[in-house]
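Heads up, the next two complexes both have chain A, just with different partners, chain B and then chain C.
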Partner chain A sequence: MASLEIDGVSKRYGDNLILDGVSVDVPDGAFLTLVGPSGCGKSTLLRILAGLELQDAGSLRIGGHEVSHLRPSRRDIAMVFQSYALYPHMTVAQNIAIPLILRRLPLWQRLPLMARLLPQARSTLARIDAEVQAAMEMLGLTSLAERRPVQLSGGQRQRVALGRALVRQPAVFLLDEPLSNLDAKLRVHMRSEIAQLHGRLGTTFVYVTHDQIEAMTMSTHVAVMMEGRLLQVATPSEIYADPADLRVAEFIGSPKINVLPARVGADGTLTGVGLPVSGSVAAAPGTAVQLGLRPEHLILRRGGGRGTVSAIEDTGPERFVSLVLDASDAPVVARVAPDHCAGLRVGDDVSLAVLPGKALVFDHAGARLGFDHPAMTPGEFDHVR
Partner chain B sequence: MSGGHRLGRLARAVRLVVLTIGAAVMLAPFIWGLAASFKPAAEIWSGSLRLLPESFHGWENYTAAFNRAPLGRFLVNGVIVCGGILIFQLIFAIPCAYALSKHRFAGRTVIFGAVLIGLLIPIHVTAIPLYLGFARLGLLNTYAALIAPFAISVFGIFLFRQFFAAIPDDLIAAARVDGFSEWAIIWRVVVPASWPAITAFAIFSVTSHWNDLFWPFIVIQSTDLAPPALGVVYFRRDESGVDFGPMMAATVIVTAPLVVAFLLAQRRFIDGITLSGVKG
Partner chain C sequence: MSADVALSTRLGRAKRLRRLAEAATGWGLALPAAVLMLALILIPTASAALLALTDYQLGARRVSFIGAANFVEMWRDRVFWQAFANTLIYTALTVPLSVGLGLGAALLIEADPTGRTAFRTIYFLPVTALLVAMATVWEFILHPQLGLVNVALRQIGIAGPDWLASPDWVLASLGFIFVWQQTGYNMILFLAGLKGISPELYQAARVDGADRGVERFTMVTWPGLAATTLFVTVITTLYSFRVFDTVAALTQGGPSNASNVLLYNIYREGFVYLRTGYASAMTLVFLALILMVAMVQMRARRGHSA
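Now for the complex of A and B:
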């Protein structure tokens, strides 16, 4: 168990700057998820943490100790790979035992005959065997102990890879998209299994994924990464409700956040949006800004002539209503409970309002701007929610 | 539907016939040699194309073969030389191929280029410089002269590099995290995943050196050190006139170990050529 501090890590491959001064600290026992689109450098950062690549600049501390100069096997980390990377010629039990054997038996005691002759080696092996059995039991692998990886399903291989990592009892677990090769149903199942495993072990986890749902559901800390930079590190709910950057707001949340162009008016109010947004922006009048509105923060009203319904998607528990605002021609999606839009059809005339305090304002480059909003008047929205 | 089926069968029959003819052409000299090893000299020279001997002379030919030349010695030499060559080739080629396929280092492309160039240079080009070198070192007419020139096989390096490239990088990374040293990764992770390639290479190597006449002919004078192919040549030279019956018997004895070894390793050999069977 250990805290993890990553400080100003940069990495280049040739002329490409893959990581650009990445810094993040998480406390002992955290579940840190690195999330971002493919190719943004997540795996590279994880491999640097593991010691499989060397950073060009920056430092790494595990439990307060600098580890940059240490070999992977000396860093007290264990890693689970996307492709599982099991040893094809070893059984499940051997795959899980190997990191312990390599750590605890000196080379000469690992020779086949030695292990049988030396009482000391024999007792070490017996202890390792007990730990491997415990790990296999925990992961439901006991009946598969003698199989080879080719004889296992994807989910079973995944478990073996987890087992090989957890017998080590490392200070930090590193997982690189461990669920991306599983089918959708198994993925949901393994998601909760890994989250439970984290709860039970209490070890620091660093989990890489491009899937925002995994990031939001499993983590204590989410780090959103794009083009080699960390845009924001925060709890899942903060990332969602209080994004520091428009790209974070756009990456997290499905359907995607609506982005509307707007301008700051004389008294800081927003103008040119095509729907009323109360509040004042901390920016000079006349500044062009971008207004971010989550689909579930929009209130749809029939009539009023502000927009036209262009499509309706019914997912069962809720409906996604796409509409085009008359004022800006911008497409907007609202997330509505079926009861509130029964009988609504494509082509209907609607108007929109924003739940007070939910609008997010960003400058032209995407940085978040302060936005003061008046307190909600009681009863104002009773007729819609 | 049934017409297509019949066409498929016809195509298969044609393929079978062509392959059979090809195989027969390739095998004919061996079969003729095998048949001759059971015939008396008069029958071999009779000019008729009979396969089976009229009078069975096998016992005489084979005992003559063993009596007139140290065939056993030739076979032992073959095992020593081919085994020695193969062991050194594996010891050098496997780590080299591993470095070329899984490590990034300055000069990697240049070294691989050198390997490719090495593939193009036949032994006949280097034979004379090598001969002079061994002569200077006083190593002519030794096992070392038979083994050393082949201890590093660029073909082996090339074959293994291609095979190792297909081993997932993650597997190597996992081994490093688990605590394998680089040498242990080679011998305990990469090699066990590469048996098909190693078997294929072993067969190529052993066959070519078992049958090699060119190099032993240059560096070996003593019968005691002659590998099988050279031994058969001595056998012929030592006799006044050519006695084909016993000579064919000797050839059969010398070839048999290879045929048996190939049949035993056949499956892995074919796996290795198609470079499959590594993903797990």
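Now for the complex of A and C:
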């Protein structure tokens, strides 16, 4: 168990800067998820943490100790790979035992006959076997102990990979997209299994994924990464409600956040949006800004002539209404209750309002701007609703 | 009721017809391959089997059936047994060397990407060379006085033997030429095998604590190459059994049969002494040997995939 501090890590492959001064600290026992689009450098950062790759600059501390100069086996980390990377010629039990055998038995004692002849090697092997059994029990693998990886399903292989990682009781677990090779249903199941495992072990986890749902549901800390930089590190709810950057707001949340162009008016109010947004922006009048509106923060009403419905999708528990604003021609999606505006049809005329205090304002480059909104009285809220 | 029966017989006939058509298509598709196999493998083998039971001599007018007499003669033929032993020795010498060196070269090239293409080409070059043509070059390299090898040895005070004329060295010299050529071929096969091993396995091994190269080799590389190694060994063994061109070009089996091998012996009996029947009998024995090696591979393969 250990805290993890990544400080100013950079990495270049040839002319490409893959990691650009990445820094993040998490406390002992955290579940840190690195999330970002494919190719943004997540795996590279994880491999650097593991010691499989050397950073060009920056330092790594695990439990307060610098580990950059240590080889992978000395860093007290375990890693689960995307392809599981199980040794195909070994059984489940052997795969799980390998990290212990490599650590506790010198090379010559691993020879087949030696283990049988030397009492000392024999007792070490017996202890290893007990630990492997415990790990297999924890993951429900006991009945599969003698199978080889080819004889296992994707989910079972995944569990073996987890077993090989946890049998050593490392200080930090590194997981690189461990669920991406599973089918959708199993993915949901393994998601909760891994989260439970984290709860039970209490070890620090670093989890890489490109799936925002995994990031939001499992983590204590989410780090959103793009083009080799960390845009924001925060709790899942902060990342969602309080994004520091438009790219973060756009990456997290489905359907995607609506982005509307706007301009700062004389008194800081927003103009040119095509719907009323109360509040004042901390920017000079005339500045072009981008307004981010989550679909569930929009209030949709029939009539009023602000926009036209272009599509309606019912998922069962909720309804997504796509519309085009008359003022800006911008497409907007609103998420409403399934029975809201019953009988609404494509082409209908609607009006739109924003839940007070929910509008997010970004500058032209995507950095978040302060946005003061007047305190709402309960009465006013009813009115808007 | 009877309508049902009629219908079902009609359906049955339709089904039978369709199955017949399917079978015909299958045979049609297999025909070209079957004809080739018949013409190139089965008919020659059958002819050899027939000839092996006769005293036929190339160009002779008469031929008589002599039963197993050719095989009895073979059993007593010292030259045949010497060729047999030479072939086994030659194989035992060349297979481990060319497989081992091929694997070593592949590992070295994989380990260090600098100059990979250049090394790959250099090692593969001998494979593309026509051995009969290269034999002349080797003859010169191995020349007792002027040859590169002995000149080099003389520099360090060793008087090298006449490599191709010494009964002690001739097999080894021919084997060396084979290894020189086969290593590059084996290397290419091993390189392909290495490409099939996931790099994540090596990374997993390093995280698991396999710090030494030899540990990663035994945990990842060697098991990952099992199928390749089997294939390479069998192929090399078969090629080694079939050695002929270097013998024919450089030593003609000499001195005094020291480099006589099975295939060269067959050639000599059949085309120099014109004893076609006897050569056919030896060909059958040779074929049986080759089949045995192929069967070992098939058996091992099945065990491997199970």
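Simple rule for what comes next: the second predicted complex is superposed on the first by the 380 of 385 C-alpha atoms of A that agree within 3 Å, B and C clash if a C-alpha of one lies under 4 Å from a C-alpha of the other, contacts with A are read in each partner's own complex, and residues count from 1 in each chain.
The working rule: a contact is a pair of C-beta atoms (placed from the backbone, for glycine too) under 8 Å apart; a residue touches a chain by one contact, two chains touch by 3 or more.
Remember, predicted model here, so these are calculated numbers, not experimental data.
When both complexes are superposed on chain A, chain B and chain C clash. Within the superposed three-chain model, A:Arg47 lies in touch with chain B and with chain C [touch as defined at top].
Contact with both chain B and chain C is seen for A:Leu102 once the two complexes are overlaid on the shared chain.
In the superposition on chain A, A:Ala78 makes contact with both chain B and chain C. By the touch criterion defined above, A:Ser254 reaches neither chain B nor chain C. In the superposed pair of complexes, A:His89 makes contact with chain B and with chain C alike. Of the two partner chains placed by superposition, only chain B is touched by A:Pro149; chain C is not.
When the two complexes are overlaid on their common chain A, residue A:Arg164 makes contact with chain B and with chain C alike. Once the two complexes are overlaid on the shared chain, A:Ser123 sits clear of chain B and of chain C alike.
Counting contacts as defined above, chain A residues 47, 50-52, 71-73, 77-79, 81-83, 85, 87-89, 98-99, 102-103, 164 meet chain B in one complex and chain C in the other. Here chain B touches chain A in the complex through residues 168, 170-171, 173-180, 184, 189, 192-193, 278-280, going by the rule given at the top.
Across the complex, chain B is touched by residues 47, 50-52, 71-73, 77-79, 81-89, 98-99, 102-103, 148-150, 164 of chain A.
Here chain C touches chain A in the complex through residues 198, 200-201, 203-204, 206-212, 214-215, 219-220, 223-224, 226, going by the rule given at the top. By the touch criterion given at the top, residues 47, 50-52, 71-73, 77-79, 81-83, 85, 87-89, 98-99, 102-103, 107, 164 of chain A touch chain C in their complex.
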